[in-house]
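Report on the structure given below.
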Amino acid sequence: MPVPAGDLHTPISPQGQALHDLLTEQLPAIEAGAAGHDRDQSFPADVFARFAESGVLGATVPAELGGLGVERLHDVALALLRIGAADASTALALHVQYSRGLTLTYEWRHGTPAAKALAERVLRGMGSGAIAVCGAVKDHHTTVTRMTPGEDGGWHLTGRKTLVSMAPVATHFFVYAQYEQDGRPMLAAPLVSRDAPGLTVLDTWEGMGMRASGTSDIVLDDCPVAADDILLRNPAGTAGDAALAGQTVSSITLLGLYVGLAQAARDLAVATFTRRRGTPSAATRTMLAEIDARLYAARSCAVAALANTEQVASEIVDDPAERGRRMMTPFQSAKLMINRLTLELVNDCVTAVGGAAYSDSHPLARIYRDVRAGWFMQPYTYSDGVDYLSGQALRLPQDNDYMTIRAARPSAA
Amino acid sequence: MPVPAGDLHTPISPQGQALHDLLTEQLPAIEAGAAGHDRDQSFPADVFARFAESGVLGATVPAELGGLGVERLHDVALALLRIGAADASTALALHVQYSRGLTLTYEWRHGTPAAKALAERVLRGMGSGAIAVCGAVKDHHTTVTRMTPGEDGGWHLTGRKTLVSMAPVATHFFVYAQYEQDGRPMLAAPLVSRDAPGLTVLDTWEGMGMRASGTSDIVLDDCPVAADDILLRNPAGTAGDAALAGQTVSSITLLGLYVGLAQAARDLAVATFTRRRGTPSAATRTMLAEIDARLYAARSCAVAALANTEQVASEIVDDPAERGRRMMTPFQSAKLMINRLTLELVNDCVTAVGGAAYSDSHPLARIYRDVRAGWFMQPYTYSDGVDYLSGQALRLPQDNDYMTIRAARPSAA
Amino acid sequence: MPVPAGDLHTPISPQGQALHDLLTEQLPAIEAGAAGHDRDQSFPADVFARFAESGVLGATVPAELGGLGVERLHDVALALLRIGAADASTALALHVQYSRGLTLTYEWRHGTPAAKALAERVLRGMGSGAIAVCGAVKDHHTTVTRMTPGEDGGWHLTGRKTLVSMAPVATHFFVYAQYEQDGRPMLAAPLVSRDAPGLTVLDTWEGMGMRASGTSDIVLDDCPVAADDILLRNPAGTAGDAALAGQTVSSITLLGLYVGLAQAARDLAVATFTRRRGTPSAATRTMLAEIDARLYAARSCAVAALANTEQVASEIVDDPAERGRRMMTPFQSAKLMINRLTLELVNDCVTAVGGAAYSDSHPLARIYRDVRAGWFMQPYTYSDGVDYLSGQALRLPQDNDYMTIRAARPSAA
Amino acid sequence: MPVPAGDLHTPISPQGQALHDLLTEQLPAIEAGAAGHDRDQSFPADVFARFAESGVLGATVPAELGGLGVERLHDVALALLRIGAADASTALALHVQYSRGLTLTYEWRHGTPAAKALAERVLRGMGSGAIAVCGAVKDHHTTVTRMTPGEDGGWHLTGRKTLVSMAPVATHFFVYAQYEQDGRPMLAAPLVSRDAPGLTVLDTWEGMGMRASGTSDIVLDDCPVAADDILLRNPAGTAGDAALAGQTVSSITLLGLYVGLAQAARDLAVATFTRRRGTPSAATRTMLAEIDARLYAARSCAVAALANTEQVASEIVDDPAERGRRMMTPFQSAKLMINRLTLELVNDCVTAVGGAAYSDSHPLARIYRDVRAGWFMQPYTYSDGVDYLSGQALRLPQDNDYMTIRAARPSAA
């Protein structure tokens, strides 16, 4: 399953090429709107309307179910790179949908009959542009979201989720919740429609960056959920490292977004000095060389991790825990380096361009704020990534599931 | 003229102590208002009213002229450090006034009779809290501000200045301008009252950080200036390295502000982990140690550069160019290191604290935006600092006056 | 011509696999001898005897001419990685032969009839293990090596070359020299046998690292050269960027060597902590995670640059200067990053392992000394790399041929 | 007890000035011999003979006891800086004697009568140049050095010590040992003469750097020790943070040595480019500016920590544990930063100077090897320093005594 090494410039599948061509048309409008949406902290709903109508929104849905059938992680990451270079917020929101497409496709192919049926239903909606579905994973710090049995095999859902991107245009939410079975805590992901009674989308986001990503809180107050709208997960805390496989596929394409931010920053810096007359200063030349070397490294790491991960996913690996770790490890090495390299790169671009970049409306100022977000995206934050990678190097027995880690981690009051 | 090395915690003069005590009372209010002014991009006029009334605003005015007589650079920097830790924008705006106090005191003591008289007049007003005077140094990129002779020995001033901090409460502006004498371009700094005909303060600032610093543009449209309201400067381009002495004194106390930002970031990070239960992660411990080491280094560099500069200023140095370089060099070594160390430190604090710090209203998010400003403050930006320091190391003949450099530097169209 | 991205673990051609298998047998002996040869500054002649006899020495010679036919840069770099992890000096010396194999193969396929004939003759000798041929490129700082016409169309060669690795076992040398034609300086690469009259190999090397690489000076005193033992080059200074293609192919596989050093350092550090009892310290865990992330990035950059370069080499590019730049640019981005990442990585390994690593006989001490060599290897040193990359980013017209640059560069007296 | 901030150029006491003047005479010979002693791994016995005869060797002995009476840490560090710039190995060996002078002076002033008597005896010998006394602190990994009671109140000492610098010219050794009292492990520091029966100095050192420091192992085989030749220490593991005071004074002046290495590297790099013709490259200018900024920071940190430590030492602090921590913390912040800054600086100097610096006889190659030693010197290594500083920031209860930490730390087999 080889890809052109070092290259995150061109798609490697025909489906990826089709998406690439659609984006080529749409990118200018996305880029043109970025500054305004950042300033106003408004969601680019028009962009997503065009995504829905053109098929971009359902790109990771299998062709049989009406999507573009883009399944190669490389091609998904490349799309996020290009959109991220134009507007990182848009790429972050779209990633929510893309990630869901990839993981639901896995359910559709390998899940239980119930999971298959639900996945197919949602994927068909995504493929037609009718469904935009968020993952509502992280509980608000004040609560744990729980499901309790209702009548007719249905359930009721109560709690609050935070950091749900793309919420302004979402039609549905997969809400990670706990329920109890025989006194044992179980995990599930019920699907809730935006117009479900008891569901409220709060416009609470005030991020330093990624301001146009439509990141919101979702409040659930005794929301009814039908029995066949639920993906069952493992009992709480039992997944072990097997869960790392899905977590890797869900998040690794975001590496493209980070590289996109770096690419945009680099291009802005180079354009500034190409436009200026006269000899660039010694520090400028040194920074430009370092910038291009870092961008090359970030891109190379991303390509490598995407390929390594897909390679493992395509092999037969007997031990699912081993499979999970073999997918997560290259991802985390790449993520740690890319987070660092792109932060340094963006800082050098800001330094090189000078005071003009300090205006909040300068695209470099937006990138300076946006680029920090990558360090907090799961899996893993920097601190958790250090624990994961050093634990792998030393073969330490430890829990690597970020949801469990997060639960155990003391948090700021 | 020794100071306690490594210490930027306590004042070294009685006058500095007096200022220190005044600030101790006022800091809580400054800190309490910082988030709001940052959010609204509003100037803390109430804080400056209290500064004026309590004597803080005229602290660097000699006691004989009604000020607190704080003349030790260490004590001025310490004040900016403490205010900067509470709200960097406030410290930046106040620095404008403090810097003017220091340089006008020099004029009052060593200037021509005309300069002395003007300096005394302004200093008395600053000492009583009646005058708040900005330096309007940097021309807007669209124009060069010029003075032309009027009637009665007066002049007329036309142009546009940018990056003028503290403008919302300024009563006067020293406007750097060119005029012609015998066909030769000369430099001058006329004093213009805020209510002078033709002067307009524009509220154009939209910085990524330092949002509450009241940084504005000043438009001058044929503004009348009286003959005795002008500080004459050298013919354009002739000052040479002698000018570095005044530029150092004008700006070196800002090192305190940068250290203050770092101190605040460090304290926030430590407080977060003190509050959290449980063992801090490996990466957290490593970052906290690095943070404290960097803060110590930044503080040590600042103290050293302040003392080195004062030392040279107090000595008899025959060659004024040599004197200028001997004052500027430690300042620039310290500035380059402090800019870098504090940026790294703030980033580590953000990383350690995690996603919470990414909320735009979190004080670390404000510091993350504010701390970048130091890299652009003159003298010198990073690129110019590299040219200056390497030129000194290699004893290259070169122009070190940042105003001339800037004029010669190609700028973005 | 795709390769598995991110992977510099397995060969991608059957020929590369054959070499890989041969090395698997020979690596233990190389590793076992490394410390002793480093201590004594002695050349591992036994290792090279085994290389010659087993076919390793002629690996990059086409199979038709008796070699293993390893032509994929990836596979050559992988071999140097594995040998470099065992003993960097051995890899550096072997690279001399491998590089010659690759470039002579190009001459054999695309050169003039005279060049083809000479290349074939040398390649056959290399393939059988009878010829080990050094490139003697860099003039000693005291002289310029020159060729003058002799009788019968032959030439005489006089001068001195430095930094010639693998010299202790070399049977021949390609000596870069100048001659004059119609008053114009021309470049040529005459082949000189080790037993040629007038040729002396000096044992002058006293490197801080790479001590077993057999790096020597070659003195040439009126050495006779036959007419058909000469590869003609461009007139001096006329090659332009077209020359970058050959320079890239000659040197890019050294990226494998650098990564090998990093891999060895990492494995030593991990082994130390795996062996120690007890919980690793916070700093150790942080460093181990960073070490693995850096190693991943270094490896990814190397794979990417090798693939990008081969890709361009395999395409039809109309403008040879453009082709040269498109091959050199990824190489230089990767080299700059890999030089930096591996230096940081090795330093972290030394820090983590602690005082034990400071013993000169500890393999990490050897690696600490060896790893610095990469920064000076052409093309380019760090300073020249900065000029090259920033010049490419800004499309500056400049001379990129390191031989010309070096000639023009002022050197230490 | 103020010192000129930012200055580690001039002595601050008359005694320091006297030492400074003596060194000014002797430094050229030290510098001239450095390369040879490094190459041959030989101890500069002639330099130490001259030290003994001129009073340099006893500089930290009180004047009343025949020494120069240099007691200011700043002046001791400055001496080590200057010697370290000429030859770091010599400075490291001399530090052994200086450190002993400072701590014995403390015993002489504040110790028990028995300790006073012993301290006076040794100090008088040091003052006259008759005694050169090493601290033999670290046990060889194979053993624990122990004292057992002999006849007449005397003791017998058996064990092996490692990393004892200045051993070739030592006349005596303070050997840290354990003994048992009422079944409880106690610590003591018996003084053993070089010609004591059972004592052997092994010439085992093979450091990557600091090769001329005479660092040796000491084997003790039932060595007799008289009762009044013993400094009693705390019961093992009971000293707590009070011990940090003495550990700080013992080691903090080594900061001067590290800065000296950086100064020497910087001067070599600048001299190289001053000597070369032509314009320095962009990367060279950038590195030279960073080098000077880092040197300034390293020097500032050293001055600050020396002054902070002396300040606390001179104050009345009720809680000896608090006193110990207040002395150690600035030292450790400074050490961590100086270790890092000087390593980066030396690397940039090597990069800037280029291939010439890779010759093992180039002074930069020696500095590159020497500078790494600072990271392993106690207290603390980098890992322990991270634990210490982060523990202080978070006020974690933990053992900060490096001897206990080291004992508890798992070590490589």
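First chain written, first letter: the chains are A, B, C and D, and each begins at residue 1.
Note that contacts are C-beta pairs under 8 Å (C-beta built on N, C-alpha and C of every residue); 3 or more make two chains touch, one makes a residue touch a chain.
All values reported here derive from a predicted model rather than from experimental measurement.
Note on connectivity: the fewest steps through touching chains from subunit B to subunit D is 1. Across the two candidate interfaces, B-C and A-B, the one carrying more C-beta contacts is A-B.
The greatest centre-to-centre distance from subunit A, using averaged C-alpha positions, is reached by D. The mean-CA centres of subunit B and subunit C are about 52 angstrom from one another, to the nearest whole unit. The centroid of the Cα atoms in subunit A and the matching centroid in subunit B are 42 Å apart.
Multi-chain contact residues of subunit B (touching two or more other chains) are listed as 281-286, 289, 385-387, 390. Of all the residues in subunit C, the ones that touch subunit D in their complex are 163, 206-209, 272, 275-278, 281-284, 343, 347, 350-356, 358-362, 365, 368-369, 372-373, 375-376, 381-387, 390, 409-413.
In the complex of the two chains, the subunit C residues touching subunit A come out as 2-7, 270, 273-274, 280, 284-286, 288-297, 299-301, 303-308, 311, 330, 332-334, 336-337, 341, 385-390, 392-395.
Per the touch definition, subunit A reaches subunit D in the complex via residues 281-286, 289.
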